[in-house]
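Read through the structures below before going on.
Two complexes are shown next, each including chain A; its partner changes from chain B in the first to chain C in the second.
This part shows the complex of A and B:
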């Protein structure tokens, strides 16, 4: 219960996200990494287990307060894995080197309890965190660098709404390729408009279409490139609403759907239910039907969901900073990113 | 956006005032036990939503002003701070208590005296639920202030369609100019007014006017620092409406202008000011209209049919519940029906009870076979015996001790009778014409038809209000002038002092120069009529007129004033009081001789007179004489020329 008071760092983060002081996932990831770096550096902890407890309590806090916020918890989960790895290597180093015999004979009863206090642990974790921070910071550029492998001359690319990663990706490709972009405006929020304006400024031939025209346009499109909010454990997406329809249309015309995703967007959780509170957020219906509509509002239910669930079979390829992966490979990426024990808590 | 808000932040702390009490008896009897601010909305105290909204809106310091139940509110806020609720991180909440306050205006006067607020601030009336980004509105207001230094307030209003739940109680009609300055404001309230009269001036003075009618008050306003002193200077301002009306009427004197801002898109604002708004806002909160303020997930369960239940509440299979909100640990018996109702925590409902369109406070026991309907409000701790049937009633657990009428329903159930002559909030009175406390869809449509037939008579009485204050002031001014002059004449005071006195009352009643001239002359003339008619009359009259000659000289300075003076004469002469035959001529003669009136003005006025009236006959001899004199003098001049 002592921890209760000391959660102020994470509650500040939550309040910043709620106040929309930080709103894109990249900033959230960096802030979270910062937060844990400070935690590791400044707080008193004797063993890896204590530290992991501190981190876990923060994950729980975020999960309770912002059930749809995945980036922050993903970053924390990954850092848990880093702590585990560093502890393992540190404790091994103390003893003799790992032999083949040990590798083969080791069984599940040998579970490390992370309770030893190791003097070098703090500095080695911090070193590792430094690397991770660089990875987060360069992730966007690394993804954009792969653009020319995926976008070819005179192709027509369709994208939905606004994503920073997609914007950078397209602009990077435009440096040495000529192609057209069709931006779906993404009602009722119309973020597509600002993306289209930004693309047009960098001399990319851009067309904005309403959501209703997606199917009609799809036959002429060569690739659909989208960003996502989260990649779920089965390879499905939690992406902004309207993307499911686009993905279905793409399936109909066998157009590949390429999803740009940072590593911190991969989450080890499955979708429970499409409209479950932990999965979706419903924004104010006023974006769909105005307050002034009057009497009809007494009799109808209006939902304005922010996210769509896109099943994995509609996604062709994920592009992260490590390169492209198929949805069926997501489970493997997850096991690299997070420790099995931290999947669910 | 964050950049701009940072700039604001550096300059000063963004402040807000929240008034916690409604100062109405709308929420009786529940408000006897639960302060308005802690009224549960979706099983969470109202003030929590308000504070969360302020925090999300970017406010950093809040003054929560309460007068009754202040201890409970204080405890609640302390508890929130201890629990580290979301808003506690970015916002400082000061609970300010003053038990002597009797109205909204009193609270603001008290706050003004404390001098806690610096610069512009956000003012919330009790029970606001909203998702408005306040920082951008504050910025907008300061831009307005830059252009118009007298801007006192920006009203935040929301569009609402006809027939909407939240509509009907707080409809507002506005006329604004092209800069959104409010020229005309009318709170239509719950009365269904069919006719509205606009003052002519607003159309004459402005080239373009927008008339906005589909608005409801969000009860949020952005105020300049001048608002609190305005309340202090005008002791009769009790509510925000008083302030707005006062400012619009006496714009020049009070030096304040009001602007309006209509919320667009998904922005929502409203306040729990009555049970109907309570019902409407609960529904809207549940349906996410006020996103990101929503149902708290960890304690509530949202069921189908728009039902929300708190922790520990059980509903048997045989119960039918729809469009209702049940608190924590409510127990529901078999075959219970609950529709469109609100049941607070720890209440026990036994078998076969029917509850529709009602509010039942916490810790009540409703025994078997009871029927509660049509906007009944049941206070805390009430026990209703088996088979009680109540409609549209207020029930509380204790015997009322203030001599109000009541009916005893049981040992712990007393039905309050609201006297029908209650001229306060019309929603409270129980006469069948008035709307019920909660919005009842089927009955409501009937009501509207009813009102169509008799709506006209209602509107008649409403019409006068825009015009009435002006004549009132002038009348008061006139009697003041008569008083001053009579006293002056009787006590033989210096006329200069009298002029000073008249001028000061002129500013007090805000009368125009034209009206001053008119009324002063009229006052003097009426005084002359008070003397008994006799032989001495004319000598007395000339004594009076010559005594007041400095006053007359002071006011009758130009041609317009002369016309005013003549009009006053006409007014007095035709007002029906008896006067001596030659009185009019005597007056005219006197004024002409003393050079107060020029002869061409008199003649012009005479020509414009209504030829049918008796008054013309009185003036005619004098006018004839003047004309002759003029001809004679012009003849003379001609003669002179020819020489």
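This part shows the complex of A and C:
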């Protein structure tokens, strides 16, 4: 019971995400960071190990309750790494995961157990968290700033559904480049419509096409630029449904697929099938076929999946605020972001 | 056709320093005129008709009036003529004020407008059916035209001036059009005519069955390519039945001309499906082979018979044969994925079900037409276990599928499959999951055309249909007409490359896509 109370902060977050009060991943990331900042500041903890235990219990809670929510757990994982780093620098000891040589030469007493209570730890972690927060906040702008490196004059760019990052990216590119955008509407959610309306208002020539016209249109497209829900450890994507077909069509016509992704979307998780239980969720079928269809609804099955798995070979490039990377490099980015021990919990 | 266009282009860059709008007029008038075997005089006339009509297509009443009158007036437009035009315009306005004979004059105007459209249409269909002409005559035609154009160049410029005076600037802008995707600008051409055709102007030369058919095509009530062809043949039958023999002309020749007029009308409502073109071509060929010594009633009976046989052999029996072939390929426990609503696929699935085969069907559907719902309904009523998804969920369901069965609008000579938009994508995802893709297509839908992308020849759907959800709730796109740079684009067809198709099931055999030219060659040698 006590345990439940302790987790009230995170269960609030989970319910907010579930009820779509917090909608895009950027807000989720900020909220999570906030939550942990409060936790570190207000909770009683004596050593880094205790703090890490608190954070880990929260990650577990989210993972159990919202298996598809990656952003929140990723932010927490990264903060775990921050705690480890700060502890290491405070205790002036080297942690594990170092080079083979160090592993061999080090004696057992050097191995960290994070149990020492260090007085300066709290403030140094909070400092580091502040930096991380700024990084999250500026991530979108940093990605958008690279737009002119990727879009040239008179290009035809295809995008799917709605992503704030893509929207900003394109608008930033439109400042000094002239190009056309083809927006795939992304039925049955129609997020593409609002993106198209917003792009057209900022004076970008925008064409909206239904999902069925992707193949026909792809032969004239120069680049596919999309956002994603999660980047998986193998460089694949968990993106909104329909993107797999778009990526396949792009492959067919040799069109590069550029994925804009914040660092907090990189997940140390291997899921390589669309039908994996923890991978996909289905939304209400009422969006696909109206309830008014009547009697036949009793006899049919209707699916309305939200995500698509896109294998890494269909992705050309990831763009994060640090710059571009190929899918094959994602494993390395992950090891920079998270500590080995925190990959799987 | 290509030549005509090329020379057209040369004309465009010509040294006479024409403005954009003038070039438009030139381009239009440079299209092959309707019937130029007789003399140059009527050619000129029709050229001017079209020209005037195009310029005056600014839709306002006054301009139409002028166009009609100017067409009425005489063969060439001198300065005198122009004055007469203006005078006529004034007169017309007076008439309007008086309100005398208003109805009559309106009706007349309508008829005249009709005639002009007819002329234009004839030009167009001539355009789309180059088969009837030998290349040499075509070249001649083009040369003739160019001559006439050059002759009348100066006059046209004069005309232009006059027209610009009359039409307000707004209308000119409308012609430039903000809400058109540049890529498929050539597909929008029909739209202006379509708007007018939708107003249903009754013309005495067109059989009511065709008028009705035209409206049905235009409103997409009759949508599938089989349905369109059957409806056309039914209308043709009632036309033959009702047609009275002409006092001077031989029945078949007369029927030919009447049919041409009707076909032109239909073309303005919606471009022909390949199935329709093929059926019409076949019918016309038969028409030339009818014994002229027969009585008209006998001819009628014979022609009706020809149509019935065509429907029976090439459509119905072909469908039966295909159905049998596919049924062999369906085994118990299969999960069959299909896209949209093809009448042939429906028939196949229902017959396989009646045959006792136990299988599931996944109906994939695509916006904005959502035809799959109809297929779904019929399959469910028949008791087949069905799953329904939109095209975005394709990857989600494809893994459980064992066979993909698709319908086709046409099969092109280079092996590409022209079909409802979205079909190519289904085939693509199916290949990714290594599922066999069977395309079912009767051989009467095989076409001599070649195409490698979906833009050169296609049709446009209603863009407004994209701005509402599946239950007609407007989305963020609803005000697209107010935002100049926002354009919804709805294409009706796409082409699937042959490497995505495992096999084509026809009534002859199960073939690879690339066998289309072989089938066409054999069919051609059979009929002649």
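Everything below uses one rule, namely that the second predicted complex is superposed on the first by the 322 of 345 C-alpha atoms of A that agree within 3 Å, B and C clash if a C-alpha of one lies under 4 Å from a C-alpha of the other, contacts with A are read in each partner's own complex, and residues count from 1 in each chain.
Here is the rule we go by: a contact is a pair of C-beta atoms (placed from the backbone, for glycine too) under 8 Å apart; a residue touches a chain by one contact, two chains touch by 3 or more.
Predicted, not measured: the structure shown is a model, and the values here were computed from it.
Per the definitions stated earlier, placing chain B and chain C onto a shared chain A by superposition produces no clash, and the two fit side by side. Of the two partner chains placed by the overlay, only chain B lies in contact with A:283; chain C stays clear of it.
Residue contacts after overlaying the shared chain place A:249 against chain C, while chain B stays out of touching range. In the superposition on chain A, A:30 makes contact with neither chain B nor chain C. In the superposition on chain A, A:190 contacts chain C only, with no contact to chain B.
In the superposed three-chain arrangement, the CA centre of chain A forms the vertex of an angle with the CA centres of chain B and chain C, and that angle is 70 degrees when rounded to a multiple of 10.
Once chain A of one complex is fitted onto chain A of the other, the partner contacts of A:233 are absent, as it touches neither chain B nor chain C.
Shared-chain residue A:220: touches chain C; no touch with chain B. Look at A:145: by the touch rule set out above, it reaches neither chain B nor chain C. By the touch criterion defined above, A:15 lies against chain B but remains apart from chain C after alignment on the C-alpha atoms of chain A. The partner of chain A that touches more of its residues, comparing chain B with chain C, is C. When the two complexes are overlaid on their common chain A, residue A:203 makes contact with chain C while staying clear of chain B. After superposing the two complexes on their shared chain, the closest approach between C-alpha atoms of chain B and chain C is 6 Å.
Common to the chain B and chain C contact sets on chain A are residues 287, 290, 292-293, 301-302, 304. For chain A in complex with chain C, the residues that touch the partner chain are 185-188, 190, 193-194, 196-197, 200-201, 203-216, 219-220, 241-242, 244-245, 248-249, 252, 273-275, 280, 287-290, 292-293, 296, 299-305, 308-309. Note for the complex: chain B touches chain A at residues 2, 55-56, 58, 84, 86, 89-90, 131, 158-165, 167, 214, 265-268, 287-292, 297-298, 441.
On chain A, the positions that touch chain B within their shared complex are 7-8, 11-12, 14-15, 18-19, 21, 64-65, 67, 277, 282-287, 290-295, 297-298, 301-302, 304. Interface residues of chain C, counted against chain A in their complex, comprise 181, 183, 366-368, 373, 376-377, 380-381, 385-397, 399, 421-422, 424-425, 428-429, 432, 453-455, 466-467, 469-471, 475-477, 479-480, 483-491, 494-496.
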